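Here chain A shows up in two complexes: once beside chain B, once beside chain C.
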Partner chain A sequence: MIEALIKSFVAAARSLGFNFSFLASAYERGMWLDGIRTTLELAAVTIPASLAAGLVLVLALRSPWYWLAGPSRAFIELTRSTPTLVQLDCAFLALNMLVSAALGGAEHNPLTPFFWCVLVIALHIGAFHAEALRAGVEAVPEPTREAARALGFGRAQVLWRIELPIAFRVALPALVNNLVNLIKLTAIGSAIAVGDITYASIMIWTQHDNVVELMLFILLLFGALNFIVSRAGRWLEARVRIPGHGV
Partner chain B sequence: MAFEEAGALPRPRRLPTGRLAVVAGVVLAASAAWVAGLEMPALLSLMLQWLPHLAMGFALNVAISLGAVGLGTAAGTALALMELSSWVALRLPAEGFVTVFRNAPILVVLFATTYVFPFEISLGPWHIAFPDWAKAMIGLALPAASQVAELLRGAIQSIPSAQWDAAASLAFTRSQSFRWIILPQCAKRALPPWMNLYSTIAMATTLASLVGVHDLLEAATEATTAVQRMDFTVAVYLAVLGWFFVYCYPIARFVRWLERRLDRR
Partner chain C sequence: MRIGEHAARWSLCALAWLAALSLLDASLSQARADATLDKVKTRGVIVAGVILSGPPYGFIDPSTHQQVGFNLDLAEEIAHQLGVKLETVTVTPPNRVPFLQQGKVDFLLANMQWTEERAEILTFVPTPYEQSGGAAVVRKASGIKSWADLKGKPVCVSQGSNYTAPLAETYGALPKGYPSQSESLLALKGGNCVAAVHTGATVKLMVADHPDEWKDYEVPFDDELIPSDSVIWLRKGETDTAARLDGIMKDLYRSGWLVETARKNKLAVSSYVLALEAKLKAAP
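On to the complex of A and B.
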């Protein structure tokens, strides 16, 4: 049934001039579907990881301890001013090699390309999240902070219960923008053979010479993912809005 | 007790960012040296030996980024004007272009331009080679154009409409007011995001290594494959990271300074 449907789709696409013949081969179809699944997994894992990284970084940035605030600021500056692909190579080709050597060979190394891809992208986008949140914290009006102090909130409580909730609302558009960039960034996983949709498509189009067809699909997939994320962001913005607060 | 403290909340000290940048550089260099361990002299001479090769690669990164942003700015300005046009036939294609290239991962666009364009162009009797770096440049110019269109459109719309009216009352035509009154004001507002875009595109040029361009990252990979030494591999990749940092960080600092200065006006 499904095979027949695929056959008729391939034939229909061919009559329009598109070459989707790879769908007829179970192996290549499987690889392609795996690629779609891997891209979705990458996005699903990296989004919360990046938000966690951003939160940790902004907490470190706002901490009164210089030895915590200094390194996190340095990390943010470094990661924002260097190419993500180079960071990925530093992590996967250099750091992973050292880990393998320390564990006595690559076969003992449990860290996968998928792991490194998530780590690098989450930290990279996390730095941008932290900057957005920091700007949000700095936008909290001084009287609000003073009022909280007057009510007996401690420093950490002011940060956690007053500043960050307001900062989150202020930073939300920027955070969503970062998440859209995150989704687009997952394509660089193909450089270290994570097996995402871009990687699977490269494998298929080198066999079938159907770059345009697969490219259109990739663009549609990323367009749809970005659309979902930005819609979800707008929904959340409306949801968490504090009436009368102006943000 | 809390009453006494309520006045001024201790705020974290402003971080000396410049000093931190130096510290970051030293940490990078120190980690490279640490990895090198006792074989430092051998490693250093190897690095020096490969330095010209790496520098050639980086020159290509710079050339591609300048070309891509140049092309992207020209195309993006046209797109911004089209987006603001009252003609649907001009507005819709421009909006479509911007939407597509803002949503597409740059890497995917690079693959598209690499595979879709021919390797040479035939103009009658002449065959002009179409090298990979030129394709990569176009591939980066497309997303750059969509970004320029967005930031310029925002800048144009942020100019109060009274400026247009004032220009009209001084007998400027519409195109004259745009060129002499509106655009100079836009340029000032659009400069910081435009420079950020340049830095983004400069960093994105490393993606060209994945489509066969011999840029800095590709040169680094070649060097590590040729030498096959663990300490050298780590040192080279850290050097590439540091290289881009030294190139892009001053731009980021300058943009921040510019933004502060424009804010004060």
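On to the complex of A and C.
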């Protein structure tokens, strides 16, 4: 039944001049469907990981201890000013090799390409999140802070209960913007054989020379994913809006 | 009501895009009557798409910064025989076919083997310039002695390698595609796969020529994976050009140029090529 449907789709596409013959091969179809799933998984794991990284970085940045704030600032500057692809190659082809050597051979190394991809993207986007959150924290009006202190809030309490909730709301459009970038960035996993949709498509189109067909699908998939992310962002903005604060 | 209208408008828009794209595709293919030979003669230049994936086929000589290798020699000789100058454009597996179809190059000498599917969308020169298959580089202590030993194990290949499907489907290996051969070999050294499978001539030469760098590695068995003909590819329907280049290829075999040049580039000449040479020499 499904096989017959696929066959008629492939034939219909062919009559329009599009080559989707790879769908008829179980191996290539499997790789392609796996690619779609892997892209979704990458997005689902990396989004919360990047937000956590951003939160940790901004907390370190705002801390009164210079030995915490200094390295955090240095990390943010280094991370956001070097290409993600270079970081990924460095992490996977160099750092991972060192890890393998330290553990006495690659067979003892549990770190997968998927792990390195998530780590590098989450930290990269996390640096941007931290800067967006910093802007949010700095936008908190001084009288608000004073009022909180007058009510007896300690430094950490002011940060956790007053500054961060307001900062989050102010930073939300920038955070969502970063997440849109994050979704697109997952495609670099293809450089270390993570098996996302871009990787699967490259593996297929180099055999069938049907670049246009697969490229159209990749554009549609990422377009749809980011449509969902930006819509969710808008919904959240409306949801957490403080009446009278901002516009 | 409004949602229905929206949906209708969106699908119309999408349909219009699809129609525009297929028209574009059709017009591109129709403009490709066999004009290449005329074009080449009036310009006095033929443009070859070559791949620079490493010795012996094509690479950049570190001392002279020139493109060298068997592909370059063959392209140069073809231009010479046609009485025109050669220009080269470096191509990669994902862009080589679009470059050819869009007229950025006149022909492809890009380690591209004959397959039925390619023959449907492109024209090729029937006389191949080589027959090659895949060979596996493994760590000496790995215990891998045949293709069957790769079952269930990660194997590094280049993205777009012809060996991906047979490795997975015939031998049950888990191919991991890296952007190029150099990343694939780095991943092998990093322990991310048990073997790296690339064109036999390339890896055998690499292991033999760089004994220090590759002392812990070997190509443990000789039978190559899916040996197939490497041919010159042309735009669909360019049969005149194909016939002209085929004549040149046959002459290069008969005069001994092809085998000689392969040897000069340290390209291990396959028995298939030697047999083809003998056959063409015997029956001119």
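Simple rule for what comes next: the second predicted complex is superposed on the first by the 246 of 247 C-alpha atoms of A that agree within 3 Å, B and C clash if a C-alpha of one lies under 4 Å from a C-alpha of the other, contacts with A are read in each partner's own complex, and residues count from 1 in each chain.
Heads up, the rule we're going with is that a contact is a pair of C-beta atoms (placed from the backbone, for glycine too) under 8 Å apart; a residue touches a chain by one contact, two chains touch by 3 or more.
Treat the numbers as computed from the prediction; the structure is a model and nothing was measured.
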Legend entry - chain C versus chain B, contacts on chain A by residue: B
Inset, instruction - Return first, second, both or neither, reflecting whether A:125 touches chain B, chain C, both chains, or no partner chain. - result: neither
Inset, instruction - Go through the superposed model and pick first if A:106 touches only chain B, second if only chain C, both, or neither. - result: second
Inset, instruction - Return first, second, both or neither, reflecting whether A:202 touches chain B, chain C, both chains, or no partner chain. - result: both
Legend entry - Partner chain in contact with A:211 - chain B first, chain C second, else both or neither: both
Inset, instruction - State whether A:140 touches chain B only (first), chain C only (second), both chains, or neither. - result: neither
Inset, instruction - Please indicate which partner A:53 is in contact with in the superposed arrangement: first for chain B, second for chain C, both, or neither. - result: neither
Inset, instruction - Please indicate which partner A:191 is in contact with in the superposed arrangement: first for chain B, second for chain C, both, or neither. - result: both
Inset, instruction - Check whether A:82 is in contact with chain B, with chain C, with both or with neither, and answer first, second, both or neither. - result: first
Inset, instruction - Return first, second, both or neither, reflecting whether A:179 touches chain B, chain C, both chains, or no partner chain. - result: neither
Legend entry - Residues of chain A at both interfaces, chain B in one complex, chain C in the other: 89, 93, 97, 190-191, 202, 205, 211-212
Inset, instruction - Give every residue of chain A touching chain B within the complex, in rising order. - result: 61-64, 66, 69-70, 73-74, 77-78, 80-87, 89-90, 93-94, 97-98, 101, 145-146, 149-150, 152, 155, 158, 180, 184-188, 190-191, 198, 202, 205, 211-212, 215, 218-219, 222-223, 226-227
Legend entry - Contact set on chain A toward chain C in their complex: 16-19, 21, 27-28, 89, 92-93, 96-97, 100, 105-107, 109, 113, 190-193, 199, 202-203, 205-209, 211-212, 216
Legend entry - Interfacial residue positions of chain C with respect to chain A in the complex: 18, 21-22, 25-26, 93-94, 97-98, 115, 117-118, 121, 156, 159-162, 164-165, 168-169, 176-179, 183, 186-187, 189-192
Legend entry - In the complex with chain A, residue positions of chain B that touch it: 2-3, 5-7, 9-10, 12-13, 15, 17, 20-21, 23-24, 27, 35, 100, 103-108, 111-112, 115-116, 199, 203-207, 209-210, 217, 220-221, 224, 230, 233-234, 237-238, 240-241, 244-245, 248-249, 251-252
